[in-house]
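Presented below are the structures under discussion, each in the form of structure tokens.
After this come two complexes, each holding subunit A, first together with subunit B and then together with subunit C.
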Partner chain A sequence: MKKNIFFLMMVLISTGMMAAPLSVVTVTQEQALLVQKMGGREVKTECLTLYNQDLHQVQARPSMIIKLKKADLLVRVGMRLDDWLDALILNASKASFFDQGVLDLSKGITKLQVPNQPLDGRLGDIHPEGNPHYWLDPYHLLVMAKQVSERLALLRPEKASYFAEQYQIFEKEWQIQLKKWDQQMAPLKGAYILTYHDSLPYFAKRYQLVILGQIEIKPGIPPTPAHLLHLKTVMKAKPVKAIFVEPYYPKEHALTLQQPAKTIVFSTSIAPNASLESLYEQLITPLVKASY
Partner chain B sequence: MISLFIYPFLGILLLSLIHCYFGLHVIKRGVIFADLALSQLAALGACVSVFLPFLPVMVPSLFFTALGAVLFTSFSFIKDKVQQEILIGIVYVISAALCMAIMSKSVLQHHQLSAMLVGDILMITPHALIKMLAIYAAIGLFHWFFRASFHQHSHWFFTFLFYATFGMVVTSSVSVVGILLVFAYLIIPAQFAQSFLHTFRHQLYLGTLVSVLTSVVGILMSIYLDLPTGSSIVCAFVLPLLSQLALKGLLRKP
Partner chain C sequence: MKYQWFCIFFMMGMMPVWGQTDMSIIGNFNGTTKQPFGLNESMLEFQQYLYPDIKMNLMLAIHQEGHAYHADIEEGYVSFLNPLEDVILKIGKKKIGFGHINTQHAEDWTSIHQPGFLNDLFGEEGAVGQGGVLSYLLPLPVFTQLEFGVWDYGPYEAESEALMQNGAHGRLWTSIAIQDLEFRLGVSGIWDNLYHNATGIDFGVLKDFGSGKKIYGHVEWASFSKRDTYLKDSHYAYLGYCPSAFWEFGFQKDKHQYFSVITKSLSERIKFRAELGYDALDQGVLTGIQMVVQMGSHGHSQLK
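On to the complex of A and B.
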């Protein structure tokens, strides 16, 4: 009798454990929301960074190791933007991370600005594998969603059809959004923009905007007077519509340069409780407004 | 190109004068580290203010520099027992470490860090200039009225007022040019002037002149060598040091 009860308890506990949602840790907030949409009730997400944080400057913390130890899946940006994760992964020492437990979302993306020459410190480049800000092209979000969906199905094969369904629902809604944005951005083909840091090449390529340059020469160093003058000359020669600056960069340069371009502050991720659409609308809406 | 530098140049004039004045006093009192410590406390205030957006930005800085003023005044009471510089240096190191700790919680971090150290004088606004002028004029007048008491170093209350007004000046300048440049403006022209001249007033004029000239050289360096302006001005301050050594060497009696 006792053996039967014990056996029953074990069965119940193990089914209970199997029924427990997948614990997913992501690097950025929009990745977390994406995983939530793909996984629905079968996933529980945690994020390692804040929405308005400079991903180039993240300092690994011990609290992150604790989060990683509890994770079934780790979703990362890749392309060396989240290098700081590597030490954490080793520290967390989970066998699953070396199997299918890490999903690098850059794998399905066609990369821009991949260097074709050996790099050294003189170039001061902080993107040695190409430009890593690929998720700012809304079409890429669909590619990322598919990868998430497939990996979830791999980790929980019995729920594969549920995940596939979630992806279908998302895809339908997202295609409508993509068409809407295509229409809004169509009149801005060939428009000129400046950015503080080179975070928008994928966005610009998608909507055929022309990026005339960056305010930042090297990360963390204020622009030299010669560079500011160069930008002033550029802005006199071509009608720059907007200057894009992330919230963790100084705005003074954009504000001094602007007239009549508009300074647009944007985050590379979504605010708490915001939608995935808001990530792109914060770029598109003010840009469309700026051209009137 | 010149139009880029009009406001920065006016800022440099103001900074040179007021910092040379305080620098001469600081050297006389033998508390060189007090500048670095007060600048760091001002920077600490700036880091803290990120988390207190409902307060005007200067308020936490003024609070911390006032705290520094209280501490340094109390240090002057035991200056026979412990060298003041040691205690002031400790205050500097602790406030620098606190800055790092607080910045680790902020998303601004790296850029805050370099802004704290070298600022960006190129981006000084007319509004910031007017604020600087108002603060410096008020403090300058106050110091002029009580110049006898400030020169005497006898009463502790004026020691406190010295550090407190010093803290206010430093709070405003660190936010524009950063800690390193404030230190350079404070110490280098003052010690140059004081090694050649002996009247306070003459030292003030010479120091201010050296400061302005060096800054112009720094600006030219930043233009022709394509360097950020703040850091090139700090580097340019090596010139008065070298010329001081050279002149002293030449003037030395055989």
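On to the complex of A and C.
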């Protein structure tokens, strides 16, 4: 009997059935949830940032290197939003990070706002590769999921069919969600919205919302009273349904603008253990309410 | 001197050729009690991958000395990022990893004046050398790195209490995170073949609240000897609070100097700083204002 168990164990080990789950480190909570969906029981995810953290302002810390050292895959946002990762990759001295060990999810995305002029401070803190907030378009989740699934299969070929199956399950479920959100957002076509930072161009393009402007003067540059006055004037002519403020930006400017226009001010955040759908629900539900 | 300027202009002339080189130019304008406000230092920083895991960094600096400007290669090194797993090898001219602040450039200091700690121990330039340094990330559950370098510090100078000729340095540092609170502890030693040596210890703590809001502190102490004879020691301490990504309020103490410092960043490209301090040795008030500007992309390769 003991011999049989030993033999079975050896077979399982040799076929990779008892291999440890792939360790995946992600930059955002959303990515961690997506990777977990794609990898199921075959992956273990860890996130580098807090759920309410501004990705522009993350400080690379030595302790993060240990997380990277243990990782089989590092998933990044790319488009220079997470440039601080470079310091960690440089100091981790891990061979796979110079090959298949890093997945930049922006690679498969059609980028918006790619500057076609030389960049300087007049434009604010502009990203040279375009606006990096691509994951806020729920359709892009499918593109990102496909990339994750393919990379996991590359790293663990013996589980390729499992990862493909996970993707198919996700795609089916997500298509149902997308259909629901398309219906909910349809009445909002052409509606005016305002954002604190320019973080919704992909979302707005998908649902044909019109972004009237930003509370920031330029990306990364806080508002002035004159700019807020200008926005108030613009909002009188074009009533804004909602103002979107990320959890890490101050809400007081949006609340000042909110009163006369009777708009709603809303935010999103993915708390630990939340679902991936909840991020988009937080975006869509307030807008739908605002449309009544 | 002419040769240095030729090199700078040659490299600037080559810029269009290096289409993909990541370049930035940093201007450090400052004025203190001892010096009128003006462009004090300008630095050109180039970095590019030469191979998937080999990177080149070059920092050229033009410093003001009196009414003249002096060109210098501040740092220039090639990093072999994975010659062996967990090992990094850097070869070239480098600020030596003795303690924490010695590796930082002027625009990254927490005060406008050069921290007295560096000046007291190693002179105006800090500890800099030509050579190579090997870093090894120890296989432990917490970040722990061992560093060993072999250096040429420069020519012999009689009567000087500084590092000279050839020598070596070693550093062991660790960093532990408890949720969003990070502690860093390091010990360092440096030697030359004329029996000068320094040993130091540094400790840092950072509490990151996210979105640029953070509080951090740093303490560093070192002593300098020749053979077994104590020559001097110095220390540095800084406590900083950033209520947002745009403001920082700090207090710095060196062996003889105290500073309160306010920093305002307009964006990633420009920041202003003002400081008010007291020098206990000269018994005089120290004031300073500073503007640091940056053209081009960030380096983003330093762990702070």
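The rule is simple: the second predicted complex is superposed on the first by the 257 of 292 C-alpha atoms of A that agree within 3 Å, B and C clash if a C-alpha of one lies under 4 Å from a C-alpha of the other, contacts with A are read in each partner's own complex, and residues count from 1 in each chain.
Methods note: contacts are C-beta pairs under 8 Å (C-beta built on N, C-alpha and C of every residue); 3 or more make two chains touch, one makes a residue touch a chain.
Everything quoted here is computed from the prediction, not taken from an experiment.
Superposition of the two complexes onto subunit A shows a clash between subunit B and subunit C. Of the two partner chains, subunit B and subunit C are each touched by A:50. When the two structures are aligned on the shared chain, A:62 is found in touch with subunit C, with no touch to subunit B. Of the two partner chains, neither subunit B nor subunit C is touched by A:146. Residue contacts after overlaying the shared chain place A:99 against subunit C, while subunit B stays out of touching range. Taking subunit A as the reference, the larger set of touched residues comes from C, when subunit B and subunit C are compared. Legend: residue contacts after superposition of the two complexes on their common chain; A:111 is shown touching neither subunit B nor subunit C. Applying the stated contact rule after C-alpha superposition, one finds that A:248 touches each of subunit B and subunit C. Within the superposed three-chain model, A:86 lies in touch with subunit C and out of touch with subunit B [touch as defined at top]. The single stretch of subunit C with clashing C-alpha atoms against subunit B, selected from 8-16, 44-52, 206-214 or 278-286, is 206-214. Subunit A residues 50, 52-54, 56-57, 59, 220-222, 248-249 lie at the interface with subunit B in one structure and with subunit C in the other. For subunit A in complex with subunit C, the residues that touch the partner chain are 49-50, 52-54, 56-57, 59-66, 69, 80, 83-84, 86-88, 90-95, 98-99, 120-121, 124-125, 128, 220-222, 248-249. By the touch criterion given at the top, residues 52-53, 55, 79, 81-82, 85-88, 135, 137, 141-143, 145, 173, 175-177, 180, 182, 184, 206, 208, 210-212, 214, 245-246, 266-270, 295, 297-298, 300-304 of subunit C touch subunit A in their complex. Partner subunit A is touched in their complex by these residues of subunit B: 1, 4-5, 104, 107-111, 113-115, 118, 120, 122-123, 125, 219, 222-223, 226-230.
Across the complex, subunit B is touched by residues 50, 52-54, 56-57, 59, 219-229, 247-250, 252-253, 256 of subunit A.
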